[in-house]
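Structure first, commentary second.
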Amino acid sequence: METDPRLYVTLPGLPMKNPVMPASGCFAFGREYAELFDLEELGAVAIKGTTGEARIGNPTPRVAETPSGMLNAIGLQNPGAQAVRDEELPFLANYDVPVLANVSGSTPEEYVVVVQTLNDAPNVGAFELNISCPNVKEGGIQFGTDPDAAAALTEAVKRVSTKPVYVKLSPNVTDVTAIARAVEAAGANGLTLINTLLGMRIDAGTGKPVLANEKGGLSGPAVKPIALRMIHDVRQGTKLPIIGMGGVQSAEDVIEFLVAGADVVAVGTANFSNPFVCPTIIRELPEWLDKLDVAHIGALRWQGEKI
Amino acid sequence: METDPRLYVTLPGLPMKNPVMPASGCFAFGREYAELFDLEELGAVAIKGTTGEARIGNPTPRVAETPSGMLNAIGLQNPGAQAVRDEELPFLANYDVPVLANVSGSTPEEYVVVVQTLNDAPNVGAFELNISCPNVKEGGIQFGTDPDAAAALTEAVKRVSTKPVYVKLSPNVTDVTAIARAVEAAGANGLTLINTLLGMRIDAGTGKPVLANEKGGLSGPAVKPIALRMIHDVRQGTKLPIIGMGGVQSAEDVIEFLVAGADVVAVGTANFSNPFVCPTIIRELPEWLDKLDVAHIGALRWQGEKI
Amino acid sequence: MKNESLTVVENKTIAAKTHEMTLSGPLVDAIDQPGTFLHVAVPGEDLVLRRPISIAAVNQGAGTCAIVYKEEGDGTERLARCRAGDQLEVLGPLGNQGFPVEEPLPGDDVLLIGGGVGVPPLYFATCELVKRGVSVSVILGFQTAAAVFYARAFNELPGCDVHVMTDDGSNGRAGTVIDALNERPYAPDWLFSCGPRGMLRAIETNAADSKTHGYVSLEERMGCGIGACFACVCETNDGASYRKICRDGPVFAFKEVVL
Amino acid sequence: MKNESLTVVENKTIAAKTHEMTLSGPLVDAIDQPGTFLHVAVPGEDLVLRRPISIAAVNQGAGTCAIVYKEEGDGTERLARCRAGDQLEVLGPLGNQGFPVEEPLPGDDVLLIGGGVGVPPLYFATCELVKRGVSVSVILGFQTAAAVFYARAFNELPGCDVHVMTDDGSNGRAGTVIDALNERPYAPDWLFSCGPRGMLRAIETNAADSKTHGYVSLEERMGCGIGACFACVCETNDGASYRKICRDGPVFAFKEVVL
């Protein structure tokens, strides 16, 4: 595929051919989608949240459908950092596409171990600290709701990381900008947002929660307006690059996110609705640039009369 | 319409024939819907947020559509407490249906004035303190995100109110249960949740926010899983009655909300999709009770294995 | 005002991205005033808001009415995909103030100005006026020839004098409806208009000091469509009050509200 | 594995709330193993997840395949409303492990047990087995007569011996498929099954000490359908590992995974 130079964006650690990557947890480690399309079409790949040791995840059912969205309570199932390093990342290294390694843990020490294990994987361009997984008791959400804890974790990881570090923010907070400011001050190189919103579904017929875990993380188009608002708010208070996500499913959505303040976007749930959604969006972006008559996607930012 | 005795619920100040009321702001003061159906079919009526003086609201556009939801930034337009007292409540008094008077303000004093003005309206069964309107700079959202401010406001209102007081909680917080506990301790007689989630939409074609106010409150089916989760969480920590809302549009949704922990529900956005939604839901509830074989809607509560 | 399933009788493209849909059902009986609108529930659970669309024509004999709509976004695109036989949930007719077609007398100078998809309600208004023996002049403005619709339909009405203006002159004359208005030697007795807000503002300004009884039909994003949500308000000209477009309008006299 | 728009050729009710849909399109070429499934995008933007549905039959000559589905919720209700000519986005065939229909030899004792909407993939399996000259016994379980489907279709296959069980005895014999299984004097050489988890568990337990090569097809709520989201995992019997139903299954040998 020819790449439109108007789509190039360089983010710390992530030289991207276009501003679109699959979101963490919705693309595993790329193997399955590689059977469907050439991964080199993507701007980057965010891999499944990786912990120090392998995790088996939550009981099933792990997903439930909601109006224009879904809940998931996967519970960070993953093979552990060493296996990701040895078995998964080499597969992705077959493709010329930078990897954003999503890091999770129960303690700051666990995050540090994961980063140390993946540090020297040549195709890892940057780390993304998942301080916001709502689906495991110790999945990091405590780091995501308290600015001090978030900052401390960021510092600990920055001390060992040889790559730029993005911090993935939780939307389940009163003031997302406070967390953003805290991790920026602690040395984060970028922000990603939003992770999922804590939600629940009840099966009216049985009177029980649909998810075995009862609660799960809400994603998909339903959360798009919340994501846009948070990205917009965070953008006002930081110069850090923002990887925006939450309900993106079309090139038009990408434009909305870039205008709101994201530098690039990630696509999660939409991969399940349509496994070809990322390459489709990428192919449709140039038309939007023509239509909006902008020379580069970086020019889309809305300046905001009221800011 | 014959009323099914299985549907009766008595909440503080609100003897309801059935567990369904229109939500505040989606039903004005009842006049318009009274042209469509008999308001006595409803369990109660929550009226538009009322402030001390008349408010003119925000510039238009004030609404925007989102996937399975909508944003609104009405800005609490209302004729002011005295006009509501003299011109609107008497109209509703023509119907045998209790009124939940939604109270807003910029200062605790303003809430107090509204309550004092409406106190002696005979058809007002209870007050609902809107401490969570995200759409006006001084619309009370500061009271909704800080447990101490919420408690202080509740106390101030309780001191003057001659009716039970419900506090309407904001979902835009890290820990909704903390606010619930604070207002319960301060003497609230009930809780209503959720209000809208702060969101934003961008028009990709123009690169500008769709709403004149830029941001607005997200409601509708999209937020249902968030509402259910919050109601469930709050239910675990309080014995107060809960008026649940957020995306209800069918009898099946009502069952989900009651199971999650609500005592009755309010229906907002769905009135716009279908102006007859409330009476339709009410008519369909008995079938659900038959199907689930419960003697009274109060028996639907899910006990929760994990609690 | 009723809420009913109407049946799509016909749905055809009449100009670029512009479609005319004929609907039938008992609700049609209640339609009696040009300027009123229907609040149409679009197919698909993900779109929670209805779409307000003006009534373009009514045929009480056949029990049908017509709407004309332009594909602007998700909702109107889905309407465009409806086929004959489909059912649409419709609330209407809505609006308590339409064009006062019963007031002009035969012999009065009556001018109607429509821009783009503002044209449809004026067609309904013109039908009612000519039925009463009133002659009308109509100025229709479109961007380009491909966007033009209903010019012939207006022409076929007795005593209706039609001027089409296109921005690029590809149909009728080049220019805006305001250009055409300015060429008229004197102000009309009656002026009914519908179209983009800027056009309506220019028309109102233009007629400022005249004896013209002017009326404009306004659009705004709507929630309920019946006056209950305060989404569609506009300020009155004295700044002291407001009107709900859905309930108090959608047609307002010149100077009643701020354009 | 392909993602394609398939055309609905036919969509008909074959039992209470149960429908058979025939689909055509080039994707059909790729279908070769009973037990694999299609991940069907349901009409409507509000439903973001696809629905996994087993392939019930394939006709390579006609370029069509069939699925049989029961109306359970929003998605299957919308599928039920599809009409001939409609297009459905389908990803498939999915699953790397179907029923090993190429392994049983003619003369082997082959038993297939299906419960409710677990029956469809067994029909496809039976077609393939009888094609290879293998005779099969089939036990089909349904709640009641109104729910029964495909009994005649199985009967029409050469060398296929069909036993229908209904909970209330309103069709076939009264009882469960487990009752019918227990009446058999000896364990089969091969046992392929699909149905509710409890039924599969009972069947596996029942066959515990036998020489039977048993296979069960599992269901779980799915996200991606291709192995990328970890929604549909089940534990292996040794507790040390897991399988993804969508990718490693949906058919598993007895004892491979915890039922």
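Read from first to last, the chains carry the letters A, B, C and D; within each, the first residue is number 1.
Keep this in mind: a contact is a pair of C-beta atoms (placed from the backbone, for glycine too) under 8 Å apart; a residue touches a chain by one contact, two chains touch by 3 or more.
All of these numbers come straight from a predicted model, not from anything done at the bench.
Centroid analysis (C-alpha atoms only) places C farthest from chain A.
Of the two chain pairs considered here, A-D and B-D, the higher C-beta contact count falls to A-D. Rounded to whole angstrom units, the spacing between the C-alpha centres of chain A and chain D is 36.
Separating the centre of chain A from that of chain C, both taken as means of CA atoms, is a distance of 46 Å.
The centroid of the Cα atoms in chain C and the matching centroid in chain D are 56 Å apart. Contact with two or more other chains is made by residues 45-46 of chain D.
The set of chain A residues touching two or more other chains comprises 67-69, 220-221. If touching chains are joined by edges, the resulting network of the protein chains shown connects every chain directly with every other.
Those residues of chain C that touch chain A in the shared complex are 45-46. On the side of chain A, the complex with chain B involves touching residues 66-69, 71, 145, 172-174, 197-202, 204-205, 207-209, 214-215, 218, 220-226, 228-229, 232, 247, 252-253, 255-256, 259-260, 288, 291-292, 300, 302, 304, 306.
Only residues 25-28, 31-33, 35-36, 48, 56-57, 60-65, 67-70, 72, 74, 77, 220-221, 269-276 of chain A touch chain D when the two sit together in their complex. By the touch criterion stated above, chain A contacts chain C in their complex at residues 67-68, 221. Those residues of chain C whose C-beta lies close enough to touch chain B in the complex are 1, 3, 41, 45-50, 74, 89, 91, 220-235, 242, 247.
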